[in-house]
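First chain written, first letter: the chains are A, B, C and D, and each begins at residue 1.
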Amino acid sequence: MSTNDGRPTVGVAGGSGYTGLELLRILARHDGVRVAFATARGDAGCESPVVGLAFADLGPDRVADVDLAFLCLPHGAALPWVQAARDAGVRVVDLTADHRPGSGREAGAVYGMTELTEAHLPDAGLVANPGCYPTGVILALAPLQAAGVIDDARPVVIQAASGVTGAGRSPRRDLLFAEVVGDFRPYALGNGHRHLLEMRAMLPDLQLLFTPHLLPVARGIVETIALPVRGGVDAAEVRATWRERYASSPCVRVDDDGEVPRLARVAGTDEVHLAVFDNEALEAPTLTLVAALDNLGKGAAGQAVQNMNLMLGFDAGRALRCGQR
Amino acid sequence: MSTNDGRPTVGVAGGSGYTGLELLRILARHDGVRVAFATARGDAGCESPVVGLAFADLGPDRVADVDLAFLCLPHGAALPWVQAARDAGVRVVDLTADHRPGSGREAGAVYGMTELTEAHLPDAGLVANPGCYPTGVILALAPLQAAGVIDDARPVVIQAASGVTGAGRSPRRDLLFAEVVGDFRPYALGNGHRHLLEMRAMLPDLQLLFTPHLLPVARGIVETIALPVRGGVDAAEVRATWRERYASSPCVRVDDDGEVPRLARVAGTDEVHLAVFDNEALEAPTLTLVAALDNLGKGAAGQAVQNMNLMLGFDAGRALRCGQR
Amino acid sequence: MSTNDGRPTVGVAGGSGYTGLELLRILARHDGVRVAFATARGDAGCESPVVGLAFADLGPDRVADVDLAFLCLPHGAALPWVQAARDAGVRVVDLTADHRPGSGREAGAVYGMTELTEAHLPDAGLVANPGCYPTGVILALAPLQAAGVIDDARPVVIQAASGVTGAGRSPRRDLLFAEVVGDFRPYALGNGHRHLLEMRAMLPDLQLLFTPHLLPVARGIVETIALPVRGGVDAAEVRATWRERYASSPCVRVDDDGEVPRLARVAGTDEVHLAVFDNEALEAPTLTLVAALDNLGKGAAGQAVQNMNLMLGFDAGRALRCGQR
Amino acid sequence: MSTNDGRPTVGVAGGSGYTGLELLRILARHDGVRVAFATARGDAGCESPVVGLAFADLGPDRVADVDLAFLCLPHGAALPWVQAARDAGVRVVDLTADHRPGSGREAGAVYGMTELTEAHLPDAGLVANPGCYPTGVILALAPLQAAGVIDDARPVVIQAASGVTGAGRSPRRDLLFAEVVGDFRPYALGNGHRHLLEMRAMLPDLQLLFTPHLLPVARGIVETIALPVRGGVDAAEVRATWRERYASSPCVRVDDDGEVPRLARVAGTDEVHLAVFDNEALEAPTLTLVAALDNLGKGAAGQAVQNMNLMLGFDAGRALRCGQR
């Protein structure tokens, strides 16, 4: 259902959560597509970030009105929309966990970790948009595993910290301002966070130990990774591997030697920053990697638009906040 | 120089930094001692947290006026005060790094990690008060190393996050509110933080990989530790080891199974909270430990008063914020 | 129902909101009373801030178990507890709005603005604890109105800013961390905030224009008041009036000429700070007053304990955080 | 010195403070001009927000290299740059206070309150960019004074709150994160803030009482104004006056009846939001106005670019963040 002017139309199911709002803000700046609808139950009738477009309480049958639909729904709620889209021949970028690697339903979907699967995106009907934590971890580790530099006899220790928008916009006492300000909390202890399914599926044979923490900031993720490597592997080699792998991506920045990622540099952008450091005084060779990204940007809505760009034949970085300062 | 009423007198050198202010607040509540002076160069003449006591710009010669002196000075500035105190027979709690294990000047000092060295405190002339990060790490690991549960062939991966008061009160652009709010930054990458000297001295033969981060909160530290253990060691064993070791300490709380430390519970207290978790799906057995404390409390001023209490014959927890909610 | 040791017992209805928690923290430090129960529906079974006391889901009939009950309930929910207490001859400090001046039910209650009504507290059966905003406004203005310095032909313009704990602990989307951080919002525009009933009842004949704002901080209130005064009235006169009126109160601090209240100095205390300033270049004589207090301290739980202290014959400031730095 | 491609060139003196950085970020998005230099003493050699442009330590003589220069210097430091620009025939937007109304040096400058002086901008050689606080106050009040609705016998009570970037980026202890977080402070008490010179010059015959406060946020200003009006004037009339006056401005948004401005909606934008409310229960008719803007956007760099746009013949809102959500 392209518009009169020939631009493809898109719809957003679940537009009033943090991810949906961010997606609509990016799409509002994207002059290659037109947003035809944005659904929201509780906020129906309220203005969306797209000028002139109010949220509406619409069901999956309306997916037929657009060329491509984004699903920013609660995990588990994507299925009726995906079914309706399949019936109508409409393409989908699914931001829920429902079709991600490790979900058990990944078979019919292309995994939308853009830099790793871009060849499959132009023809994809259903794209499973990655989780926020896996985005940094997998982009950092997948090329290194392929290059054979990781010592898989030891665990890869990943400690992550995320802003609260990662926990959604539904009211919860533990997410009230007065509960979060001045606090910092590990959670999902015991190595059982659900994002591990996705990480393990994409990084088979690695022992991943993942501990997330809740930061008193609105948005952004920093992942600090202690990476066991084979003898002789150093930071320079890792940096070179990343640079070669991500040379053409507008959304991945590999920091120079000595540069240190910080959350404030990536918040509000669609980039992921990768950095690597040699460590003194360890017998077992171990590098420290840092990945920083905005959980709403490259970790969700930004990557969804990056995927849409390749699905629809646009430049990967169109309308995205990449390469800026 | 006890007071007329028989209470010992104390002085604080460097009272207008964050640690000095916190120390004075605790001492103001301590009815077993009297604060005779608090020095501060730039703030001389301003009121201190002790009612009726203004900051003064005094030199080391004044140490002879008191029974015990606390040094909250820049690192490297303790030496003339320690010398003057030694000459005058005055006892010292040195909160600088100048006499800590690994400093090269630890010989004449008792290390004031209270729970580990309490037997030596009643007779100590010079106590080296521990660093904030080492307090959590060493209290968590020392009993476990003694118990032989750690696998020292693999690194102990310690990722820590601290509030900004840990960086001091001198004006710096990178610590301005607008630079820190919404940010989260790793620093001292490469395993070279100076607190590693102290940790390594107290935990010999362990491979420690330590990465601190700056949190957008005023105070508090959370340290999340991936601990390689020998086969068969589990969280319950670690918890039991801690509970036995710290049974009599008012300032160490070992969390129950399932409890998760959070910074907000320890900020403003003089406690350290320790917790331990088993991890799923790892071949190389690895537990996750969490230590949480206030960098100004148990991590500095609180522990300094705890040490003073034992030096002067008071109960360890007197005037401290321990065992409250 | 005094305890075996002769200490009166108290109970707290609604102990797991921010006011209830703060009240229990203060009572836990008060060695003149014993907390017999703390109710909470959703948190029944969880530990309260009083060591050894779990929250329980109890009804008004249990009020008979104590000598004095605090009601930290939603507005409108105090009535059955007050009735049960009256029947059982139990004294009550009601922290809801249900019996405050202007509520229509103030007849049988003593208004607990401690400094203004202290003579009536020793014999009071039911004390209506003031609202947080009215506490600063009424303590600042009542002595000035009595002294005849206010020009009541012009409005008194009160602009207030409060931390989010003033809005309660029930989950609300607009109070989530990610909604509040970085924000500042006026609310209750149009001069219709319900606290105006209480202010107007205590400050008759003044034209009060009150605009509150929500601050991105957990706790504390600053009220900045443009006060129209009669010709010749200056800041020194106002300051002298306050000092005379509040000479004996441990919880009211009148700042010196040139001192400026700030929220950080009162947060976590049970004090209110009052300051006054002359203004340049105005034909219509107008002073600026500033009142600062903790909405949970002097603005709620602190004042409730201050009232209890006078009801039970203790010193007014017992267990309160007043006169400290 | 237009570029080869015909685009005018601009330079920024003082580019590494908060205003300079924001200005460079906006200019980096402006495809109608090219940034030729950005000066900064302490940060010379560091990357600026304009890709490929490093900060340089340059003096006023370099102003001749560009068509238009922005001065983001400390107050008082603009004069040598303005002189050099005049000699070289280069146009200037001066963001310091040096040529603003009330400064005593406003004679040769056009005041850059864009909506009020736009007719003079196309030919202006020197534009005095307004202060952040005056921008909201003057845009709100000037049309109302012109319409004769204000009762000038009573003071206009303006209470403002600003994020800390308004205080600059030079290190100061009172602006450290740990000093500002959790705090809220009035300042410049006594009606002596220097921005009053500018407000009074543009709003003659009004009695302005202005009290600013420091907010624990990075950016944004909310100004809440109690406006004495003549009998019969209501919010609807004020709203209509604003709407007529600002009908063509992309940067001024007049809120609908019932809408309430909040800082989070304007932070990061170049808009100012204006709202007005009737008040209950006051004998002396008084409306409440609220103006909200980003101190770095419409309050500084955004308005500077808006002025440049009109000086150079672009649309007023080009490259600005206006009309978005």
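Assume a contact is a pair of C-beta atoms (placed from the backbone, for glycine too) under 8 Å apart; a residue touches a chain by one contact, two chains touch by 3 or more.
Computed from a predicted structure; not experimentally measured.
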Would you mind telling me which chain pair, A-D or C-D, is linked by more contacting C-beta pairs?
C-D
Which listed pair, B-D, B-C or A-B, reproduces A-C with over half its contact pairs identical?
B-D
When centres are defined as mean Cα positions, the distance from chain B to chain D in whole Å is 46
Can you give the whole-Å distance between the Cα centres of chain C and chain D?
39
Distance between the CA centroids of chain A and chain D (whole Å) is 37
Note: chain B residues in touch with at least two other chains are 179, 181-182, 216-219
Would you pull the chain A residues touching chain D in the complex into a rising list?
25, 28-29, 47-51, 181-182, 323-325
The residues of chain D that touch chain C in their complex are 153-155, 157, 159, 161, 179, 181-187, 189-192, 196, 200, 207, 209, 211, 213, 215-218, 220, 222, 224, 226, 260-264, 267, 275, 277-284, 286, 288, 290
Of all residues in chain D, those that touch chain B in their complex
18, 163-165, 169-173, 175-182, 216-219
